[in-house]
Structure formats: C-alpha cells, structure tokens
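Naming follows writing order (A, B, C and D), and every chain is counted from residue 1.
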Amino acid sequence: MYSKRTDLAIESAELLRAAQKKNARLPGILSDVSQQHGYDVTAVRVLDEAGEKALGKPVGSYITVDLRPYFQRTAGAFSRAVDCVAGLLRQLLPEDLSEKSVLVVGLGNRDMTPDAIGPLTVSHLLVTRHMIASLPEQFQGFASVSAFCTGVLGSTGMETLELIRGIVRQIGPAAVIAVDALAARKTERICTTIQLSDTGLIPGSGVGNHRKAVNQETLGIPVISVGIPTVIDAATLAADILEEAGSKDFDMGHHGSGLFVTPKEIDLRVEELAKIAGYGINLALQPSLNLETLTGLVG
Amino acid sequence: MYSKRTDLAIESAELLRAAQKKNARLPGILSDVSQQHGYDVTAVRVLDEAGEKALGKPVGSYITVDLRPYFQRTAGAFSRAVDCVAGLLRQLLPEDLSEKSVLVVGLGNRDMTPDAIGPLTVSHLLVTRHMIASLPEQFQGFASVSAFCTGVLGSTGMETLELIRGIVRQIGPAAVIAVDALAARKTERICTTIQLSDTGLIPGSGVGNHRKAVNQETLGIPVISVGIPTVIDAATLAADILEEAGSKDFDMGHHGSGLFVTPKEIDLRVEELAKIAGYGINLALQPSLNLETLTGLVG
Amino acid sequence: MYSKRTDLAIESAELLRAAQKKNARLPGILSDVSQQHGYDVTAVRVLDEAGEKALGKPVGSYITVDLRPYFQRTAGAFSRAVDCVAGLLRQLLPEDLSEKSVLVVGLGNRDMTPDAIGPLTVSHLLVTRHMIASLPEQFQGFASVSAFCTGVLGSTGMETLELIRGIVRQIGPAAVIAVDALAARKTERICTTIQLSDTGLIPGSGVGNHRKAVNQETLGIPVISVGIPTVIDAATLAADILEEAGSKDFDMGHHGSGLFVTPKEIDLRVEELAKIAGYGINLALQPSLNLETLTGLVG
Amino acid sequence: MYSKRTDLAIESAELLRAAQKKNARLPGILSDVSQQHGYDVTAVRVLDEAGEKALGKPVGSYITVDLRPYFQRTAGAFSRAVDCVAGLLRQLLPEDLSEKSVLVVGLGNRDMTPDAIGPLTVSHLLVTRHMIASLPEQFQGFASVSAFCTGVLGSTGMETLELIRGIVRQIGPAAVIAVDALAARKTERICTTIQLSDTGLIPGSGVGNHRKAVNQETLGIPVISVGIPTVIDAATLAADILEEAGSKDFDMGHHGSGLFVTPKEIDLRVEELAKIAGYGINLALQPSLNLETLTGLVG
C-alpha cells in the first residue's frame, strides 16, 4: 500500500469509501452535495471522534466548491463564483461581524508560483481597519478587516503559528481567515477547487504536526480556512498510477521525494483563483457591498 | 521661513549651525567625524534635553556613513562598505549577542521603488532562528536571527508598531533592528548615505507622532535603526531653492504637497544600498562569518 | 529664463500663450476642448511648420484626456474612462483594422514605479495574433494584436527604436501603438492625464534626439502614442516655483539635476492608469467586444 | 512502451544504451566524460545522420555539467562553477569575439518559477553594446553584448523565433546565446545540471517543430544554447515508474497530461542556477574580467 497525501476532505472521504468497497454510510461523517450559483458544492462534516479517526481530519465542516465550470468562461462565471464562495464563508464565520474585527492571513511563498495563492488573495482584500479608525462615521456597519502575509519559515525564522498568534494577541480580532495553497490527490482537482473549513489549517500541511496547527485551539478564536489545491505530491500521484496499473509492492525509492506536480498554466490559474477567493472574502465580510462597488475599491 | 523636513540628524545639526550663523558648540550635542574603511563617518550624539530640543531628535547616537566613494566602484568598495556598517552596528547593538535572539524588521512598500529599502534589505539576511532550533549543535555561537516585513498601513490595516510589538511579545528577542527608507534634505545625500541610530525610528517619519514610534520605550528592548535616505520632500527642496534665491515669504501653495523627489537611477541604487545594509547587518550579528562565506549563504 | 520640460502639448500651448501675454490665436495651432464620457478632452493640432516651431512639437494631433474626475470614483468612472480613451484612439488609428495587424509596444522600466506605465499597460492587453493563426474561424473580424516590452537601454544595450524596427520588419503590422510614461510640468497633471498622439514618441523623451524618435518617418507605418505623465523634472518644478516667486536669474546649480518629482501614491496610480490605457486600447482595436466580455479575457 | 520526453542529450544517450541492453558503441555518437573545476562534464557529440537518427538530436555538441557538488556548498563552489561554464561556452562560441557583437536571449516566463531561468539569467548579464557606442575607448577589447527576453507566445502573440530573427536582422550580431529552462527525465538531474550546445534550441521544446527551431539554420549565425532542466514531464515520470514496476501496457489516460513535476525548493534553485549561468556567460564573453570585478558590475 502506498500512502496518499491530500489536504482535501472530499478526497479523504473518497479514499475511505474506496477502501470499504461499498457505498456504506461512513461512521461519524455526513456528506452532502448541492448546486449553488451554478457550481457543485460538497459539504463533508466530521461529527465525532469516530469520523475524525476514519477520515484523518478534525471534527468540523469541509466545504468544497467545484470551479471547473468557471474555466469554460460562460457569462457571469466570475460573479457567480464570488457569490458562491461568499455565501459559504458566511455560514462558517461567526454571525454578524458588523463592526467586529477579522484578521485575514495569507500563507505561503509569493516567489513560488503554486504557493502564491495566500499572498495573491491578500492583495485583493478590502482592508478597512485603519480607515474605520480614521473615519468611523463613513465606515459605520463595516467589518474591521486587517491582513498580512506570513512569509515562509526559511525567510522569517518564525513558525506561521507564532506570527499569527503574536498579531492576534496584539489586535484582538473576533475571527481569523487563513488562506493557503493545498495539495490534492487527483489531477482534476488541481486549480479547480476551493475548500472552506472551520477547522483552521496546518501550514505546510498534509503530514500533520499538531503543535503548529492554526486553529481555534491554538488561537482561542474561530479560524476559517480557505484552501486551494495547486499541487499534487509526486509520490502520491506515482502511487495512484501504480495502483491503477495493478502494482502493489513497488519500492518508490527516490521517485517523487521532494517533488510536486503542478499544471503548465499554473501562473494564470493562481491569479484567477486568488481573485475569486479575495473577492469572496470581501463580500462575505462586507454584505453591504456588491461586486461592482468592490471592483472600484480593490485591485 | 519654510519648514525643512529631514530624517537625518547630520542635516538637522547643519541647519542648527546655519541658524546660529557661527561655529559655536551646540548645547547638548556632540559631533565627531572619522574615516572608517575608507568612508567618512559622522557621529552626532544628542546628550540631554537641551540637545533634544535644539536638534529635534531624541537623546541617543546618530551615525552617518557617507557612501559616495562606493559609487566610484574602486576595488574592494563593497567589502569595505559592509565592514564599515557592520562595525558601527556592533557599537550600537547590545554586547555579545551570541546565542541571543535579534528580530530584523523591514519597513516600507516593496512596490514603490524608493520605499523598498526595508523589504530588499530583509531579502539579503541570514535568518537562523529556525535552523538553530533544528540543528542546535551546528549553529553553536550563532545569534538567532528572525526577520519580517511590516508592509504598509493601507495593505495591512495595522500600524507598524502594532505588528512589531505583537511579534516581539511572542518571540521575545533581545533587540530589534528596524530598516527603513528616509527623507533627506540635500540632494547630495540621497541614495549615498546610511544612518544608524540607537533611538529607533518613526514609521512614515519626519513629522513625529510619538505614539507610533518604534523604540525602546514602546517595545521595551533596544531598537537599532538602519535608515537610508532615498527621497526629498518636494516642499523641502522648493523651500531650500527659494531661500537660496533670497525669497523669504513665498506662498508654497499647491507646489510639492504630496510629492517627493528621487533620483533617476533609483531602482539600481536601492538594490545596491539594500545589499550593503543586509550584509552589514549579517556580519554585525554573526562575527564568526566573513563576506565570502556569507555570499554563499544569502541572496 | 529657465527651461521648462514637458512632454504634454497642452502644456507647451499654455506656455506659449503665457509668453504672448494675450489670448491671441497661435499661428499654425488649433486647440479645441470638449467633454466626452464625462471627461474634459483637449485636442491640440499642430498644422504646419509655423505651429511646429511655435510649439516645439511635430505636425499632428495631441489629444489630452483629463482623468481627474475618475479619482472621485463615481459610478461608472472606469467604464467611461475606457470608452473615452477607446473612442479617441479609434480616431487616430487607421480606419478598419479588422483582420489587420497592430503591434503594441510598452516602453519603460518595470522596476521603477513611475516608469512602469508601458509594461503594466501591455499586461492588460488582449493579444490575438497567435490565436488567429491557430483558430482563424473563431477569430474572424478580430484585429491581430501582438505586443512586447522594450526594456531599457541599460538592460538590453539596444535603442528602443532598433528593437521596434527589427520586430516591425519581421511581422509587418499595419500600425504601432507605443505606450510610455511622460514628464509633465504642472503638478495637477501628474497621474491624472492621458495624451494620445499620431506623431509617435521619443523614448526617454523631452530633450529630443530625432534619430531615435519612434514615428511614421522612422518605422514607415503609422505610430500612435499613448503617454501618461507620472513625473515632473525636478529642475522644471524648481524653475516654475522661482518664477512665481519673482526670481529671474537664480543659478539652479546642483538642484534637481538627475532628479524627478512624483506623487506619494504613485504605485496605486500607475496600476489604475495602465488598466485604463490597456482596456482602452483593447476596445479601440476590437470594436466587437464590450467591457464585460473583456474583463473575463484579460488581467 | 511509453514515450520518454527529455531535452538532455545525456539522457537520450542513456535511453539508447538501455534499449540496446549492452554497452556497444552507439553509431554516429561520441561520448566523453571529464572533470573540470571539480564538476563532472559529459560531452555527447552527434557526428552524422546515423547519430542524429539514433539520438533524436541534431548533429552537434551537447555538453552537460553536473552541478550536484555545488549544492554541498564547499568553499569556492560558485567561482568554480562559473569558471567551468565559462570555459565550456568559450569552446562552443566562435573564436575571438573581442569587439564583435553577441546577442543573449532569455526564453521563458518570468512569472512561472521553473520557467524563469532565461529571464533571470539575463538579469545577471553585463550588457555592453550601448556603453561601447558611447565610450569606445574605455571599452576597447570588450565584446559588444546586447540582451533581451522573448516573453511567451500567450503574452506577445509572436513566436520566439520571429522575435529573435527580427532583432538579429536589425543589429547583426556574430552569434546568439539562447538561455532556456528544459525538461529532464530523471529526478536527480532536475536543477542540478546545465546543458550547453552549439545546435540552438527549440522553444517550448521536447516535441520538435522544426519550423520554429532557434538555430544556425533559421538565424544564419551560430546559436549556442544554455539549458537548465527544472521540470520533468509528469507523463514521462509516470512512464518510468510504471516500467520499473514491470508494467508495460498501462493506459496513462488522464494522468499527467498538461502537468509537470518540479522540486519543492525550485524558487531558490532557479535563482542560484541563473546566477551561475549569467556569470558564466559574462566571463566567456569578456575574458579580460574576473569574478571579483564582475560582482561589482552586475546584479
């Protein structure tokens, strides 16, 4: 058996079902598919310890938007994608953020194309905290939004959690939204999917190291994650190919260690997906705005 | 009289002397010129409240390196500039940082060429904190260096001081080094000067707002600043020109408000100066390294 | 008398009128003001050699759009600005470009914020030449658009004209559109104006060197320029200030040589203006598209 | 059998030998291994049509430097790598370029990390053509170097060959050096190898389209290529894994189409390799310079 790395709960559930070789209900896990604004939305809910153990993901909600129709570029595709993400985010965020403070954090490395989702998303945010401080009357009813990018351990010397915790303690937001690139398992999910979750995330991800998780437990406030799969671990792809080919005991050896797989048009894809994520976050946090107004306010 | 904005203590002292129209010793201020590694170094020391009032700068040391000879590109100019900066920084930093922790912070906007000094300097740093944590034996005797860029208020919604304070409280360094672009008054100082100080700095600078100063008082630990003048306030340059022309009561009106003056080759200059600053900081913090070894370790 | 540098014909005409100290009709120059899509548009036409000599600009049309109302960010401001630029460009371009080829060239230095107008504009273009070659039926009726950035002499070793001429001879377009940052004279025109002209442009500009002009004479095909003033020559601003102050014979000496003046929010401004210019060019070249469709196709 | 894509002649030769299942001399192909400046250098020479057919690469020299020891970061590793590349390039370049003109072209996409080798290499070049024109006496004996980046078809609408040909015809260099990222087949060659060749290169590469090759035949002057493998085609890696696992007739189906494999530290690797390539080109073209002088002149 080969180990399969994925950061998507929807794929963990698929693996689980495949392993059971039947369509049995998974214990402690609820799954639900709907269509919203023209996109398929799959909500996987881990209900209890049994579900946690079965799925390998903490208790909470994992909502996946399938954005493949977006790339057919039909009329209104961008606006519907943004509305879809905003609506789902509002369900995960604490109710009524009006005049409350939210910190949005972009994780990852802006100099590595598939890892730039977090910083690029932050570049599309409507940051309001300083404007509310200067012009409180004009911004009545707005959520107070602040934002920053954590950079990467090799450049800062600081764990993502340390940086976020330091800033959270300083400015005291009501919630954190953390945006990061993810690893998926299936090629068709790469750069076509957004996963929203109320369980936070684990920077660098996949192989969990729970000391470093960015979540309600470690920060003391709700942490909503926005994750976009842009890579497949090369060893995971190799394992899948071998399994399909019927090979069960091949030694992966040097293949794929320290390598990842990513699509050829990755530079254009991350820009588009980060814009959908950024605009979705803006509309989720500021329900009084619409897309047209927003376009005049952010990049 | 026109107001003259400068972030350089050496220029404030010049203005003061000019105002006195004699070479009288300034009360509460000591000034000293030397040559180090081929560069002129001017140390202005503000000794007490009298000096503070006279110079308009807090008590402390302000050391200016004149890098004009560097741009004649004689042999060894880079290596001597780095050694000069490193030596002066060591005088300002707490003694024996071996195995202690230092946080280096880059202020300013990487998307605005003359304001990119801070982020560019940080890109040349040898960050060691995470490596010491993983490989304590290999890094025995090294200072533990962490680094980050604050971004700008419009993008983060957070004051520079808030961000730094949050991180300082989280990771507890022994000192902070803050790197920023400055405004000078004289055209010949633009992109030719580095000012080192143990008094910290005021982000956005010039017109002081003491709540927001980044210094020992606000952070509780020594704050060493590394400042490089890259712009002149347009109103300051205009005022100087008018004064020289003998005009004393001209209404500046709309001229120069919200404008700055900067040299045509600013993109190349900020890259070179940030490299000198970054390498100087590295050698100041890790006295066991030399320039050759460092070149193989950082960008 | 101080020399006044400006790349804007509208300002040369103002200087000329001021010098005549009356509102007399200028010989060989026609000037006309209108409102289009909510923006003031001034067309200066140099008719003959007399006009050329008086204005110091070659025979041709110089159309200036005043975008100051855009920055009040009223509803539809972006869409109206794009329509205004597109409509004016169509008047300057050869008629019926359908299925003809146009080369758009971005001049300037992407690493220097106020000089990045050209490269940033090019990043917003709908480039179609390669798509028409692959899918001729789907793109019937489209103009064939190709684009590139010249870089700067210090990085390429080649004059802008050499590069453009080489590519023009290779691919044989029906017209060239050249986009560049300009120097203005008045602070209120900086980052608020677009000048369109059918006389081409002189890279690096201002102090003319006619060997290197990029125009119909040197390329053999129509050259339309799109210029956006982002800087003032520091010596020009100083001269204006001194003149207003009544000083007539001041020695500028070292002041302002090699320096330019630019606004503090230059990074945001060049991004917005480049987007207006890029979208305006797209709609001028492809009249069958509208803004909404375009937004889904370009960055 | 699966198709194996590689841009490295050394790997094509390996495949060929493996297919022959013996160590027989390959017809029309000479191969030679040496050590130069501490790095293994393999020269594969395709001698005639027989070799061309066997190897699938045109007649000419393919020299591969194995830079794995560089990443052990021993003393002098950078300087030795640069000397090694410079020495090999000099063998491929026309003799005595003093006062002759060379055009260096960077291919690829600077916004896609593994494809940024070409543009990054160009950023390290000592461009002299314009300086020689201005100061001919100071630059006596120097080669006249010009440089530019082609961008990508999707952004320019022009084939790489069209752009280069247009510029070559305009400025008339004695030779072209073309720098590009390559695809390799073996994981251990990714980001550890530089291939130099006198056969030019095929942009986008791999699956040859001979109309578009950039070589002596299409440009009329010698074309030396500097290629650095930064990716593996995902389908190639999958095929290798399946073959090793003994599977011979698996349908690759959707796996790997449009995907590539690249290492996790790709951002740091491309920067280092582009610096080695750029400095190597500089020293090959200007034998009168040494590394120390060069460091003061280029980024």
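Structural remarks
In the analysis below, a residue touches a chain if its C-beta (ideal position, glycine included) is under 8 Å from a C-beta of that chain, and two chains touch if they have at least 3 such contacts.
Computed from a prediction, not measured in an experiment: that's the story for all the values here.
For the pairs A-C and C-D, the count of C-beta pairs in contact is higher at C-D. Interface matching across B-C, A-B or A-C places the copy of B-D, with more than half of contact pairs shared by residue number, at A-C. Once the centre of each chain is set as its mean CA position, chain C and chain D turn out to be 39 Å apart. If you average the Cα atoms of chain A and of chain D, the two centres end up 38 Å apart. Centre-to-centre spacing of chain A and chain C amounts to 42 Å, using the average Cα coordinate of each chain. Within chain A, contacts with two or more other chains are made by no residue at all.
Those residues of chain B that touch chain C in the shared complex are 109, 111-113, 187-188, 190, 232, 234, 237-238, 240-242, 244-247, 250, 252, 254-256, 258-267.
Only residues 73, 75, 77-78, 271, 292, 295-297, 299 of chain C touch chain A when the two sit together in their complex.
Residue ranges on chain D touching chain C, taken from their complex, read 122-123, 127-131, 144-149, 151, 153-159, 162-163, 165-171.
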